[in-house]
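Here chain A shows up in two complexes: once beside chain B, once beside chain C.
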Partner chain A sequence: MRLHTGAYTQGFAFIFPAVALFGVFVFYPAFYVLYAALFEWDGINDGVFVGLGNFHQIFTDDTPFWISMRNALYWAPLTIVIQMVLGFLIAFLLEIRTRMVPLFRALFYLPAIVSPVVIGIVWQRIYNPFGGLLSDIGRATGLKFLAFPFLADTQTAIFAVIVVNIWQWMGFSMLMYIAGMKGISREILEAARLDGISTRQTAIHVVWPMLRHVHMTLILLGVIGTLQTFPLIYIMTKGGPNHATEMLPNYIFQQGFILQNMGYASALSVVLLALSLGLSIFQVKVLGARFSFGAGR
Partner chain B sequence: MIRVPAITRRLATAFLTALALVWMVPVLMMLAVAFTPPEKRVTGFGGLVVEEVSLRNFGIVFADAPILHHLLNSLVITLSSVFFVVLFGAMAAYAFARMRVRGKNIWFFLLITTLMLPVPTLIVPLFQINKSLGILDTYLGLILPYTALGLPFAIIILRGFFEALPRELEEAARLDGVSQPRIFWFIALPLSWPALSVVVIFQFMTSFNEFVLALVTLDSDSLKPLSLVPLIYSGQFFTQPGAMFATLTLITVPVVVFYFAMQRFMIGGLTTGAVKG
Partner chain C sequence: MKKLLLSTTAIAMATTVATTAVAQETTVTYRSWSPVIQTLDKMVEATEAAHPGIAIDVKTFNYGEYLVDLQTRANSGDMPDLVGLEPGALTQQYRQQLAPAQQCAQSVWGDDWQSKFYPLAVDQVRLGNPEGDDNFYGLPVLTQTINLWYTVPVLEDLSLEAPTTYEELKALADAAREAGYAPMMIGAGDGWIRRDVFMQLIHNVAPGLIYQAEAGDVPWTDARFVEAMQAWKNMFDDGIFQDGALGLSHYPGAVEVIESGRAATFPMGAWWQQQAAGDNPTPLSENLSGYAAFKFPDVTGKGAPNDFLGGIDVMIGISKDADYDAACKVLTDWIGGAGAQTLINTFNDLPAFVGLRPEKFGSANQEAVWDMFTEEWLPTVKYARQLASPDVKQALEDALAAVAAGDKTPEEGMAMVQAAYDSSKG
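For the complex of A and B:
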């Protein structure tokens, strides 16, 4: 019995540092927002208890919140689908090639390792209607619509940011598909070739269906990524113009740290927390998605 | 490698080359603007066309902004969190894989749930918690949360690896009277370097580029990491796009160098590291 207790103590000692850090900086905060969400509170003075008042306001009388929901519904499918199709296409074409594969792989993946802050500022200049790259191309080619102020117009701004996000993260999808294709046995592909199946058909009817686990991982990570989008929005538009590019993380930041509504920001955090946990559990349990590699943060 | 007719391969090459060129335009533009002499204000195609190359923008940055100091901040924060994630993550993962832990499954479930936790939900409480712990506006105020947030991924990757290690090695050591902590430290840990390198790369990249927590918890410019540098100097360099883009280039260099130095470990880890979550 003594031996048993000793073994348990040792095991606990091994997980203790991780659990302690985790408790203080992840679990406690998650419960903290649940509590703080019940107050009208500026973060400095004592809060006033308002019960579920903050949530009532979020769901019935908060236009920016609903815009952020709408934008997430644009963001997730556009980003995920386009990145999957492009990433798969490039990964497949790289399987065909014999030389320069590492170079192509590096070039397409490069944007994913660059800070989104840098990327946001660079793309601001590309979209700038006065002397930006797109407007200059428009002037040179006569395609005048390219000089449109994409980031300043409420109709186009969110899509302009989505383009940047796709550009940045497409290489990650490509890398996941490359890794997935390494796991497909050569015999299957060789058999497809000997049966006279075209390259295009091999891609669509043989390789794509065999990578279901990669598709599911990318969808799962794409949804989580959508829900934590912050730096690109903050740098490029600050959620504007007139909240047109609002996403929940930016709205939480604005409410909590610019307007000093820490209670309201906590309530928004609770909604984001519930959404992300709910959607993740739904995807893992119901759709059978799993993390193959590269968990989202 | 898929065998195809030569014409298909040539078409694939042409397509990939064209797409890669388009894909690199923003990066090339960043470099072009950074290397354009500061007094040349009007440049073609958003600055993509370079007529004269100059390093003077970089001179301005080094003179006006302590960029190396910010790099040092980034390295202190990033490397500390990498160290703690590797150490604490490996210990916990080994315990989950090989040792007796009361409530093991519950602990593990709680850890992996937070893989799906968006960091922005934590900014309000972490700001308040750092304030009460007296670590607001310090390195530690970022190192500890980065470590905590990096642990779940590290533990999942490493646990999978430890479970796959042949038990015979450890059994032999145990029969020789070697204690469990020593087996972990001298046998399991050195063997797990392929998984550890994936954890190191991942933690380095996420901590180095992390933005939102740094934004809300750091107030003193002298403590700020590279990811916040464009915000600090956006006013000062407002009329000097060359200096701003030179800054952006300098911020990007360390992480690109690190990634390409470590890339072969990453690809190895990707192909071997299918892990059940």
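For the complex of A and C:
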């Protein structure tokens, strides 16, 4: 089949705005970063070509990078799974109870719309063993472990931040599940009730499996969120103490702008880009077709 | 009809005059992290009044955002006319975008312009210049010392005085804890305050040693560095700092506790005076009635040094693309003119220009503190608070956190710094 030149022109005209925007805002910066990654460069003055030297250093001699990888491995499963379970539980309880549901929905969702900067500052105070809310509660109730310096200890700091992240985004998971539950036919739930299965069994064996498309959306968003984690870490710990809470975006910012190693920061960004691409392709190929588009429903 | 013609002509003439006036007005742009925008707005008003024909466009950011803004502007050829700078690495990074500022200073204050500044301010401007480059790529606006402060009512409550030795500091810490106060309130989650305290410790152990190490004359693993690092660790182990210090930011985390009157002592610098000039100062900050500055105690038993650490708080460079004369007028006005007086009236920090003094003090204590800083402490500053290499600075801050957290020994901590130094030297 042959197309007339006019048809080509017309087709190209239709896709041109999208291609132009993609080229300017995605393609060019990505290649520029890839190019910059080959230099030792402070971001302003002329750089020195080092080939793959920056990448060699990242993989062989960069402890904070590997700590950030380890933290991402903690962050993704912990936040995604716990947020999903808690979000589902809250959504399910709100769906089977009717009193003051809008109020509770709003309350649970509120942290998701508050600036992470505000949340970071507030939670840093809450965790502060000197006069912080947790330590005061601990002293008042005899639960002394609450006065533990969670953010100051390198073993616990990352988990303390993960708890805050879960608290912030749990309401978002809840909202997604509520939307998903609205799509479940009342007849199915009624049939389950008539068959005599308990509320707990309904939640686990009926509702949960029917929300697989929501689970997959939350996993996808959770993985993306993990790779983008920046403001909460920057405000609460700045990646410390001793890089114990380091995440890749924070480390890239520190290398690029604070330490003036823009070439090295570019190499780290390329690694992050590769990771993001790899995980996205994995999700679409392995999980997406089966779940996201409802093939298994 | 005649009336209409006359009116039209008058309007046209007025418009022409107004347009000409607007055309003659030169706009000077300034971007920085300091001073705060409320102060800057007042400075702009004073400087524009002193220099008709110059309009000033200012914007401030927090420090991290400023670095992003400046780097983006530099790469896109849109540098601000006046650039907020720190001596050392930041100035050197943008050196090629900046015009030498000594001609500006010379044109306003004459050949002996350097004598108008505190010596430390002039000394530090050229930190990191390549050999043979004697240009000043900025002029200092504000200076500072780093030291300790105590909360007057708290020490009165404890019936104690400002400590001068480590034993006295330990006794104060024990008494403060017993009474429910933070002994030494620090937000050690911030690298800069960890470094500030360490700089005072190493200054006590071996004055000037750290600058020899920067020059490569002494290894960072020298026993005296290890001794200072051990002293830092002891301050955590002995309960000198409040519990959980590594998990708190200095601003605003520690400052809130300090301002609420629950901290016996705290590390800060001369800039703490600015708390008194806020829109709504706390009772302790009002006229600086609740705070007093004191020197870091002698932690080694060898005797505390007589001088202080400090240097330039903020300096300003002129962009190569700027209208040099207009930018120079604004810059020199902010250093030693009407704008500078407005700045100093807010107690933002100490002036770089000798002789400037706030026009009004709220209390005798506030005036006494100012005089102590400018007449006794500032002239004795011999060594800089800053380090030249950002990589070494970062490594030191990391090492301090690692040692404080117990992840590294003092020896291992200093080995981290040495490794960063070796790496930065290629």
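FYI, the second predicted complex is superposed on the first by the 266 of 297 C-alpha atoms of A that agree within 3 Å, B and C clash if a C-alpha of one lies under 4 Å from a C-alpha of the other, contacts with A are read in each partner's own complex, and residues count from 1 in each chain.
As a convention for this text, a contact is a pair of C-beta atoms (placed from the backbone, for glycine too) under 8 Å apart; a residue touches a chain by one contact, two chains touch by 3 or more.
The shown structure was predicted, so the numbers you read here are calculated from the model rather than taken from an experiment.
> Evaluate whether chain B and chain C can sit on chain A together after superposition, giving fit or clash.
Clash.
> In the superposed arrangement, does A:257 touch chain B (first), chain C (second), both or neither?
In the superposition, A:257 contacts both chain B and chain C.
> For A:243, decide between first (touching chain B), second (touching chain C), both and neither.
Only chain C is touched by A:243; chain B is not.
> Tell me the contact category for A:94 with respect to chain B and chain C: first, second, both or neither.
So A:94 only meets chain B here.
> Where does A:145 make contact in the superposed view: on chain B (first), on chain C (second), on both, or on neither?
A:145: touches no partner chain.
> Which partner, chain B or chain C, touches the larger number of chain A residues?
B
> Tell me the contact category for A:121 with respect to chain B and chain C: first, second, both or neither.
Once the two structures are laid over each other on A, A:121 reaches both partners.
> State whether A:277 touches chain B only (first), chain C only (second), both chains, or neither.
Once the two structures are laid over each other on A, A:277 reaches chain B alone.
> Would you check which partner chain A:33 touches, where first means chain B only, second means chain C only, and both and neither mean what they say?
The answer is first: A:33 touches chain B but not chain C.
> When the two structures are overlaid on chain A, which partner does A:10 contact: first (chain B), second (chain C), both, or neither?
In the superposition, A:10 touches chain B alone.
> Superposing the two structures on chain A, identify the stretch of chain B from 20-28, 182-190, 218-226 or 254-262 that clashes with chain C.
Clashes with chain C appear only in stretch 218-226.
> Please write out, lowest number first, the residues of chain A touched by both chain B and chain C across the two complexes.
43, 121, 125, 128, 131-132, 234, 253, 257, 262.
> For a test of understanding, state which residues of chain C touch chain A in their complex under the given definition.
Touching chain A from chain C are residues 64, 67-68, 71, 74-75, 89, 93-94, 96-97, 182, 185, 188-191, 242-249, 252-253, 256-257, 262, 390-391, 394, 398, 401-402, 404-405, 407-408.
> Considering only the defined contacts, which chain B positions touch chain A in the complex?
It is residues 1-5, 8-9, 12-13, 15-16, 19-20, 23-27, 29-30, 33, 42, 44-48, 84, 87-89, 91-92, 94-96, 99-102, 104, 107, 110-111, 113-129, 144-145, 147-153, 155-156, 180-181, 184, 202, 205-206, 208-209, 211-212, 215-216, 226-228, 230-231, 241, 244-245, 248, 251-252, 255-256, 259-260, 263, 267, 269-271, 273-277 of chain B that touch chain A.
> Considering the complex alone, what residue numbers of chain A touch chain C?
Spelled out, the residues of chain A in touch with chain C are 42-45, 121, 124-125, 127-132, 147, 149-154, 157, 234, 237-238, 240-244, 253-254, 257-262.
> Applying the document's contact rule, which stretches of chain A touch chain B when the two form their complex?
Going by the criterion above, the answer is residues 4, 7-8, 10-12, 14-15, 17-19, 21-22, 24-30, 32-33, 36, 43, 90, 92-98, 100, 104, 106-108, 110-111, 113-119, 121-123, 125-126, 128, 131-137, 140, 167, 175-176, 178-179, 182-183, 189-190, 193, 199, 202, 213, 224, 227-228, 230-231, 234-235, 248-249, 252-253, 256-257, 262, 265-266, 269-270, 272-273, 276-277, 280-281, 284, 290-297.
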